[in-house]
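Several structures are given next for inspection.
In what comes next, chain A is part of two complexes: it sits with chain B in the first one and with chain C in the second one.
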Partner chain A sequence: MLLHEELRKFVIDNFMFGKPCEGFADDDSFIERGIIDSTAVMELIAYLEARFRIKLQDRDLIPENFDSINKLARFVESRLHPNGKLQVMLGTDVFAEPLTAEQKR
Partner chain B sequence: MRTASTVFSADVLNIDAAAISAGIESEICDIVLRRLKRKGVVVAISGGVDSSVVAALCVKALGAPRVLGLMLPELDSSPDSLPLANQLAQSLGIRTHVEDISGILTAARCYQRRDEAIRKVIPEYAEGYKCKIALPDQLNGDAYPIFSVVVQSPRGERTKARLTLDSYLGVVAATNFKQRTRKMIEYYYADRFNYAVAGTPNRLEFDQGFFVKNGDGAADLKPIAHLYKTQVYQLAAHLGVPDAIQKRPPTTDTYSLDQSQEEFYFPLAYERMDLCLYAKNHQVPPEEVAPVVGLTLEQLTRVYRVIDSTRTATRYLHLSPMLCEDVPEVPHDLGI
Partner chain C sequence: MLAHRGPDGTGLHVEPGVGLAHTRLSIIDLAGGQQPMCNEVSSLWITFNGEIFNYVELREELVRKGHRFATRSDTEVILHLYEEKGEDCVRYLNGQWAFAIWDDQHRRLFLSRDRLGVRPLFYMQTNKSFIFGSEIKAILALPGVPREIDVNGLDEVFTYWCTIPPTTLFRNIHELPPGHSMTVDAGGVTVRQYWDCQFERTPAVIDAGKEQAYADELLDLLIKSTQIRLRSDVPVGAYLSGGLDSTVTTALVKKFTNTKLRTFSVTFDDAEFDESAFQREAVRFLDTDHQELRCSKNQIGEVFPEVIWHTEKPVLRTAAAPLYLLSRLVRSSGYKVVVTGEGADEVLGGYDIFKETKIRRFWESQPDSKLRPLLLRRLYPYLQNLQNLPDAYRKAFFHINVDRHLQPFFSHIPRWELTSKLKMLFSGDTRAAITGDDGYSKIRSRLPTSYSSWDSFCQAQYLETKYLLPGYILSSQGDRMAMAHAVEGRFPFLDHRVVEFASRLPSSLKMKVLNEKYLLKRSAAGLVPPSVAKRHKQPYRAPEACSFLEPAARDYMEELLSPEQIARDGIFDAPMVAKLLGKFRKGAAIGVKDNMGLVGIISTQLLMHQFINHFESRPSSHVAA
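Presenting the complex of A and B:
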């Protein structure tokens, strides 16, 4: 499963009770569609930090990084692999190599 | 009141305080005596301007003998609150009861539960420390409104940490004991004297859900819920509320560290927040509003966005319990 598919599944399972809103697309704004509020953002933070072993800073917590599936995927990829694109496969240990300084940040 | 030809200014919130006061007094009489059939009103007075104005309006409406002022301090209350509430009660000539709710809160483990939640993000937080929670600047950036906790050691060193969902919910759930305990005491006295309970939210608080459900959000009447806080201050001056209360900066008086309302909830201090809310409610063009409130268009847009998102997030606080089917014999307004 590609990263954005995993993120989409998390969002649908946790914020839509498993049933996606009609026509929900990966570029749709969570805010404009009323999908997440600040409590849901906190859930998302906890999930991202645990699943991808990244430490999010206050400056990361902006709609530019969090407000759609595609934005989330781009943000996670940039944090996991800051120098290039990495497709994260579900079930694959993307952390087999030691964490980079950026990931530990 | 603004008309199509007027220019937007801070004057839009000016009221005829005497006329507004008279109208509210008449409504209080009608609600308490005729519709609710109660003998008087209980008002929890905090030493802040909102509860002071509500108490003063109730005295004018019903007479001092029918108004009971309650002072409900706890361990984290500001030392200013009780003397100011006493000063108000003396000026109004109402009888009062003081109930320190710290014992109830301790028995309910309010402080212990809150402290355990804080220690999940700041392990060194311990006895003797003070705390508050705070939002990021909502005016100059697009940061999500995620709370941080700020603690201060007995030596004065401050530490700040972003709250996790679990710790945030733990802190809020624990501190909400305070408002709910106060309401329990208010209803004790209301039952004891066959009185109604007056709530004290202003329009900003009522609209934006700045209250605890079944805590300070619970009441039999809310006499100033339609008035912007700026207008509540005008009423305070008209009603002769003591100067020290009129000059007191608004505070949540919930956490042991000083905490402004804009740090905790609103993106701006009340004077500008009122104007933004009024302008939004009356569809005043943002280009007219921004210079009056001293904001850029971008900042004003952020404030409007916060108003909308907060309204959406807090609407459920106003709901009565939802039924799965109507019970026709119990209509929503009960015909009262």
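Presenting the complex of A and C:
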């Protein structure tokens, strides 16, 4: 599943009881649309840390990183691939375990 | 149908065109207080639930005016007062009541409900008849009365946590609002408000020297209010939660009770909710004969269907269930009257929502301040998640920039908006059937004319006292849970003299900076253990939705929350309910919204099951035609 799709599914499943609000778009602000509350932010953080094996610092917890599907995706991508060389292909599971040196050979 | 409210006797008065019925909980004049009761010439008949605490003084005055009494009961006092004052009689009453008087001479029925809404009163009007009762189930049990859910009532519960009278959860059945009376005669039905909670513009700062005078006056009023609430021909016990309010009322009762006072409390296995350490300290300090009820999650799950049978509306919290168990303990211990501390938080400024309102206003005046929002971290120490939130989120969650048209509801917008999110769970049909209350128009249209001149603190107090107090605290957690086992609650803080005094107080005396119930603490110094007086306000809470994962709830959960049943009942969206339930079962539902959502769904489904789908199968629901 692509990153956008997976994040969208998590947000809809967990903060909209599985059914998207009318016209919910990837650029829509979670805050302005009232999609997340205080505990939802914590749920989102716990999910990102567990799913993508990244560690979030307090300075990361700002709406610029968290306030829409697109912002979330950009943030996760930047943390997964800090050198900017993002390797995402359609149908590829970008969250699969990285290949070991032996596998690469 | 209402035998649980009055197991000590039943009475009936029938004459052409009129019938009055009564189930009695005998507390005053055990031998002479049977109802329905009439005056000397049988021209007035009354059926009455509640207590008139100043009946002794009223009786003396009426006797001086020539009225002759056949009993010692407070019921008869209402009848004679009605003869003397007509419909204005209610203005002279100090108490908690719902009554109906049939005035045969004028062929008129006069009904009234107490100022704050302690006792319930519901009615239904058709072209040919007018039916009323203390609980909705008594009306539904009559032949030919349709049983249909009013989705607007549901919409209100999933916004305000309660219905807003006259709306109830049942179509065509209405609730008489607190502080209102009504007359029914050939000309139709007329509803009139005789009392409302009114605040005054008060100075922000007062002379420190006057504080003690205010504190003394409050204590004097509380003593008087408690004294008349001990009038009873049966023993009076007390609830003792470990908080300030019930410790104060218990201390005051103790002061006027010669025998050792019996007190009761709920304790929890889960330390997050348990207040037993403070309860025991109060027991030691006040030397009461105390009994604890240890409440488990499994018990909450077990009794929840019965709880909803009595609330007659959905609830979003489980907190009523332990109180249902507590009243059972009280009754089985031989008590049918308890004094409790309800009302102090509303009247004297104890709730976190008032504190939150102050902080939000303080923050709003300088929205870019980095320091002001930090006060919120002090406010919710038991909500750990909140403490870690960045300021940008807190600003959004606490609605710092409230639209101008929503300003009258500044204090309650965060709560109402969060709760309203749960309406996502409604099915498309339910959403379409709601005729709507956009922008809180129903409440807006009833605000007193002086409301806009009050400060935010008083506005918050008004909304809390006017709606949540009668609609949830005094009913779903109060009257209904106590009366489920024929126990009567009495509330010294809700004596109208105390309420009116408090509404004239400067807000800064109710909450000094962020010190809640400041004046009460000052009044009660020495009456309660210092640790109880100093402790941070801990809202009464019980284990929430996790209670429904316990074995006792398993059977009804599977039946009532199955996708098939949810779809058949049609209130909620079945896939969404399944999704939320799945999240719970995985232990992934941690938020307030998820918890309220699940409790709301379960209680609504229980309501559907017991009142719509299977009402006739309850043995008590049959009424002879």
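Everything below uses one rule, namely that the second predicted complex is superposed on the first by the 85 of 105 C-alpha atoms of A that agree within 3 Å, B and C clash if a C-alpha of one lies under 4 Å from a C-alpha of the other, contacts with A are read in each partner's own complex, and residues count from 1 in each chain.
Simple rule for what comes next: a contact is a pair of C-beta atoms (placed from the backbone, for glycine too) under 8 Å apart; a residue touches a chain by one contact, two chains touch by 3 or more.
Remember, it's a predicted structure, so these values are computed and weren't measured experimentally.
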Sharing chain A, do chain B and chain C clash or fit in the superposition?
clash
Just chain B (first), just chain C (second), both, or neither: which does A:62 touch?
both
In the overlaid three-chain picture, which partner chain does A:13 touch, first (chain B) or second (chain C), both, or neither?
second
Tell me the contact category for A:42 with respect to chain B and chain C: first, second, both or neither.
both
Tell me the contact category for A:34 with respect to chain B and chain C: first, second, both or neither.
both
Counting only touches as set out at the top, which of chain B and chain C does A:21 meet: first, second, both, neither?
second
Of the listed chain C stretches (74-82, 272-280 or 290-298), the one clashing with chain B is 272-280
Note: overlapping chain A surface for chain B and chain C spans 31, 34, 37-39, 41-43, 58, 61-63
In the complex, the residues of chain A that touch chain C are 13-14, 16-19, 21, 31, 34, 37-43, 58, 61-63
Of all residues in chain B, which touch chain A in the complex?
136, 141-146, 148, 162-166, 168-169, 309, 312-313
Quick one: which bits of chain A touch chain B in the complex? Just the residue numbers, please.
31, 34, 37-39, 41-43, 45-46, 58-59, 61-64, 66
Chain C residues touching chain A in their complex are 383, 385-386, 388-390, 392-394, 396-397, 417-418, 421, 424-425, 573, 575-580, 583, 588, 590-594, 597
